[in-house]
Structures are given as C-alpha cells and as structure tokens.
Amino acid sequence: MDFLQIIDILGTIAFAVSGAFSAMEKKLDPFGVIILAFVTAIGGGTLRDILIGNLPVAWLRNDVTASVILAATLITLFFGHHVKQFTKTLFLFDAMGLGLFTIIGVEKGLAMHFSPGICIALGTITACFGGVIRDVLLNNVPLIFHKEIYASACILGAGIYLLLLHMHLPSDWVTIISILVIVVIRIVAMRYKLALPRFYEKNR
Amino acid sequence: MDFLQIIDILGTIAFAVSGAFSAMEKKLDPFGVIILAFVTAIGGGTLRDILIGNLPVAWLRNDVTASVILAATLITLFFGHHVKQFTKTLFLFDAMGLGLFTIIGVEKGLAMHFSPGICIALGTITACFGGVIRDVLLNNVPLIFHKEIYASACILGAGIYLLLLHMHLPSDWVTIISILVIVVIRIVAMRYKLALPRFYEKNR
Amino acid sequence: MDFLQIIDILGTIAFAVSGAFSAMEKKLDPFGVIILAFVTAIGGGTLRDILIGNLPVAWLRNDVTASVILAATLITLFFGHHVKQFTKTLFLFDAMGLGLFTIIGVEKGLAMHFSPGICIALGTITACFGGVIRDVLLNNVPLIFHKEIYASACILGAGIYLLLLHMHLPSDWVTIISILVIVVIRIVAMRYKLALPRFYEKNR
C-alpha cells in the first residue's frame, strides 16, 4: 500500500464524516445519512473518473472504499452526538479531506499528461464537487460559491504542488507541504472570516 | 425478447409515469413533464451505466426505450387527469418500478463480477437515483432521504435476490420473489407510515 | 480550424457569459461566477460526451475551451456591470448558444449513427443541460421546464437540420439556417411571452 493509497483512504473517511454530519444536521434518516456520506466522499473522485474515462469507477472494483465509508458513517451516527463539537470537528475533517483530494486529482491529471491548468482543475473538481453534490442533494446553494475561501485554497495548493514537483523535491514531501498549505489557508480563512471579494459590485 | 428485457420495459413505463405525475403536480409545461419522465425513467440506469463504463448508454443505441417513455408520458398527460386517483396510482407504479430496477441493477453488477455489496449498491442506485435526480430538478430534497422505507426496501430485496440465487433456485422465480418482496415492503411501509428511526437523535 | 470548431468556440463564449451573468445576479463570489460560467458552457456537451462514451471529455484534452471560458468570464466580471443591459444581452447570447450547441449535438449523434430521434435528443441535451445544471446549482427549478418556448426551439431546429441535410443542401448553409431558426423562435417567443400550453390542466 503506497502513500497515495493511504491519503486516499484518509480523505475518504474525512469527507464521509463531513457528509454524514451535514445530513444529520438536516435530520435525514440513517439511510439518507449514509447516502450523503457516500456522495460527499466519492462524488468528486467519481466525477473526475467519469470525465477522464477511468471506468468502471474505482470504488466499484474493490470493497475497501465502500467499507471504509460505511464504517466511518456508522461511527459518526452512533458517536457523533456531542452536538457542540460538531462545527469544529466538521471543519477540520473537511479541510484535511480538501487538501488530500486536491493532490490526488492533480496526480491523476498528471498521469494522463493533461496540461497544468487542466490538472489544477481536476484537483479542484476532485476536492470540491463531492461537497457540491452534497449541497445540491440537501437543496442548498453550494457553499463553495459564496462562502470563505475554499476552492481557491485548492487551486493555490494544486499550483504549489505542480511548482514544487517541477523543482524536483521529493514527491512525498511535496504532497505533505501542498496539503498543509490548503489546510492552513482554510483555517486562516475561517478564523478571520476571509472571503473572496465580490469586486464586480464596486462597478455598479 | 427475454425476461430481463420485459421487466426493463415495464419498469421504464412505471417510472416514466411516476416522473410525469410529479412534474404535472408542480405544473411544469408539457416539455418539462416529458423531460422529468425521461429523467425519472432512465436516470438511475444511466448513472449505473456511466459508473460501470457501459457507454454509449443503452437508450441511445435503440429507439425502444425513448419511444416507450414518450408514449407513456403522452398517455399520462392526456388521460392522467383524474386527480384523486393520482396518489395511489403514482405509488403503485413507483413500487413496481423500484422492485424491477433494483434487480436489473444487481444483474448488471453480477455480470461484471463485482462483490455482493457493490451489486446491492448498483441495484439501489438503478432503482433510486432516477427519483433522486427528479427531486433535485424539481428543487426538492430527495424523498428517499427522509420518507418511508424506500431505498432500504431495495437493499433488502437485492440481498434476498443474491441469497436465493446462491441457493440455485430458478432465476425467473428468484427475480419475481425479490421484486414482490420490495413491492410488499413498500406497501406495508406506506400503509403504516413506517420510517427508518432517526436514532442518533436519542443520543442528544 | 473547420466551421464546426468555430461555432463550438462561439457557443462556448455565449454560454459562459450567460452563466456568469446568472451567477453575478445571485451575487456569488468571483470563484462561484467562474464555476457557473464553466458549468453552463460545458455542462451540456460534457453530459453528451459522457452519455456517448467520448472520454476523456474534449475540454480536458486541450486548453482552448478552458482558456476561452476563463477569458470570457473575466471580461464579463470586469465589464459586464452596466446593469440595465444585462437582461437583453444575456438573452441574445443565450439564444445564439442554444442554436449553436443544438447543431453540434445533432452532428455528434449523426457521427455515431444514432437514429434521428436520438440525434435530436442529443442536440437538445447539448444545448439545454448546461443551463439545467446552472439552475440546479443556483437552487432554481430549471427555467426550461416552465418558461417560454426553449427546448422546443432546439427540437424544432434539430428536426429542420436533419430534414435539410436529408435534402442534400450544402451543410454550412443547413447549419446556419437551423441556428437562425432556433434564434428567431427564441426571440419571437420572448417578445410575445409565448409558452407551451399546460394543456392537461384543462382536463381537470
């Protein structure tokens, strides 16, 4: 089991927990919670695999991903009930998953020899579209379109990853540094309520 | 025309009618009704085919599916106006389609040698995600996430199907029994307003 | 660069601008505006390419599409602020994109030897589903389901295209005529607030 597989599983757990929390906050039934956990965890990677034609999508071909998500969701359902810890836990899991999945997406793009811009887009899709599908299913306007710096963190982290890789640093270190960049940006953005400026309004 | 093809067409009709009814209740224009009928009828199977890489998706390659849906929708538009019969008719069609599509999805998974758990998931996706896409397009939180036992019926029916098949019963009988299990669970669940417990709330 | 490629780029610009305008009206942040522009511009074509198995989808394999959308979106963000011109500009861009994309979709269907009905469906999906995904992401019931004649224009234009092609007219002229038919239908429909009748209501 190589390094990329390990961060894949960790990211899957993080996103499943985040999806389960969102569903529990909306008081869905346990089955709805499980579906939302799945969609959040595999939605971005599934969309990426469909777009690049990597079919059947990976989670169909082995039981590991589905088992991990199911276990993480059941644990969340039973032990995630300390309500006041929800917000912070949810946020930290989400930030980690965001960083992990971005890099996995960029990796897949590199493996298919896409251009740097497209690789960054694939990383961002992998990281963000699970959450987008989750929000659509919960009938919300996706958070990433109007909240704190989120996808922008992925874009920046993906860019730094490509840059450091281009400088021939050891790839495990490049991965860790890029993930940390994304996590730190998210923490800082949340802490100081940073959001992208909606600059076109100034022009009105 | 084998048995699997016949239940495919029956399920398609059932779901098209269910989708058309939902759209008519929201007073969409006739084109919107047709689209919703299509999406409900083929959405689950299309998502399944995309996930397993069975492309181009089946309904592009012959006219039968599209013609059947179009005919079913037009008949619904013109003759489905006895409003008070709507609810029960809609429900029965839906339950039948649910059973039929679950088994088709499991079959496809078995044909690709996926594990039992993944086959059950594919059956549930085939049966339920047309309705999920329908609800998303109509701007509702998908019914299956918070209503009576629905996807759970598919999961149980799919499990029974795999079990009976494993016991080497004749496959047509296994199909019929599993579909009936799903239909009966749906009827009982609706009749007695059964829902999955949202058990995590007790812990608060 | 052939004729089909040119109308592809023009349609992409038209839809990106339309998507960006919609997002700006909902006051999304600049990143949300860019995503909505992308989704509106490539959503329909991407869905079509996935359905027919044309993977990896075209816009991953070269940078032109993504660069064009990004440029169009940034220009819209900076210079699209003359609010009162929004509605009409948005409408005209949308009508042009609608016509252009319908014909591209029909072309792809013909290239795969699908039946005329399926080719018309693929044209309509290419033209309309970018807008459907845009509306779903913005948490609206898709416009095309309840507003003026929209998808119907695509269906008619696609039918005329197949008919004229069948009569062996020069294919560039057939393309231009069919696109104009769609644009003119849209303008007339908007001007006179034409909508499809919701005829099933009469029956109640």
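Just a few scattered comments:
Letters A, B and C mark the chains as written, and numbering starts fresh at 1 in each.
By definition in this document, a contact is a pair of C-beta atoms (placed from the backbone, for glycine too) under 8 Å apart; a residue touches a chain by one contact, two chains touch by 3 or more.
Note that this is a predicted model, so its numbers are computed, not measured.
Both chain B and chain C derive from one sequence, and where they touch, under half of the residue numbers involved are common to the two copies. In the Cα superposition of chain A onto chain C, the rotation angle, rounded to steps of 5, is 120 degrees. We define each chain's centre as the mean of its Cα atoms; on that basis chain B and chain C are separated by 30 Å.
Shared interface positions of chain C, i.e. residues touching 2 or more other chains, are given as 50, 53, 55, 136, 139. Across the complex, chain C meets chain A through its residues 23-24, 26-33, 35-36, 46, 50, 53, 55-57, 60-63, 66-67, 77-78, 80-81, 83, 136-139.
Only residues 50-53, 55, 112, 114-115, 117-118, 121-122, 132, 136, 139-142, 144-146, 150-152, 195-201, 203-204 of chain A touch chain C when the two sit together in their complex.
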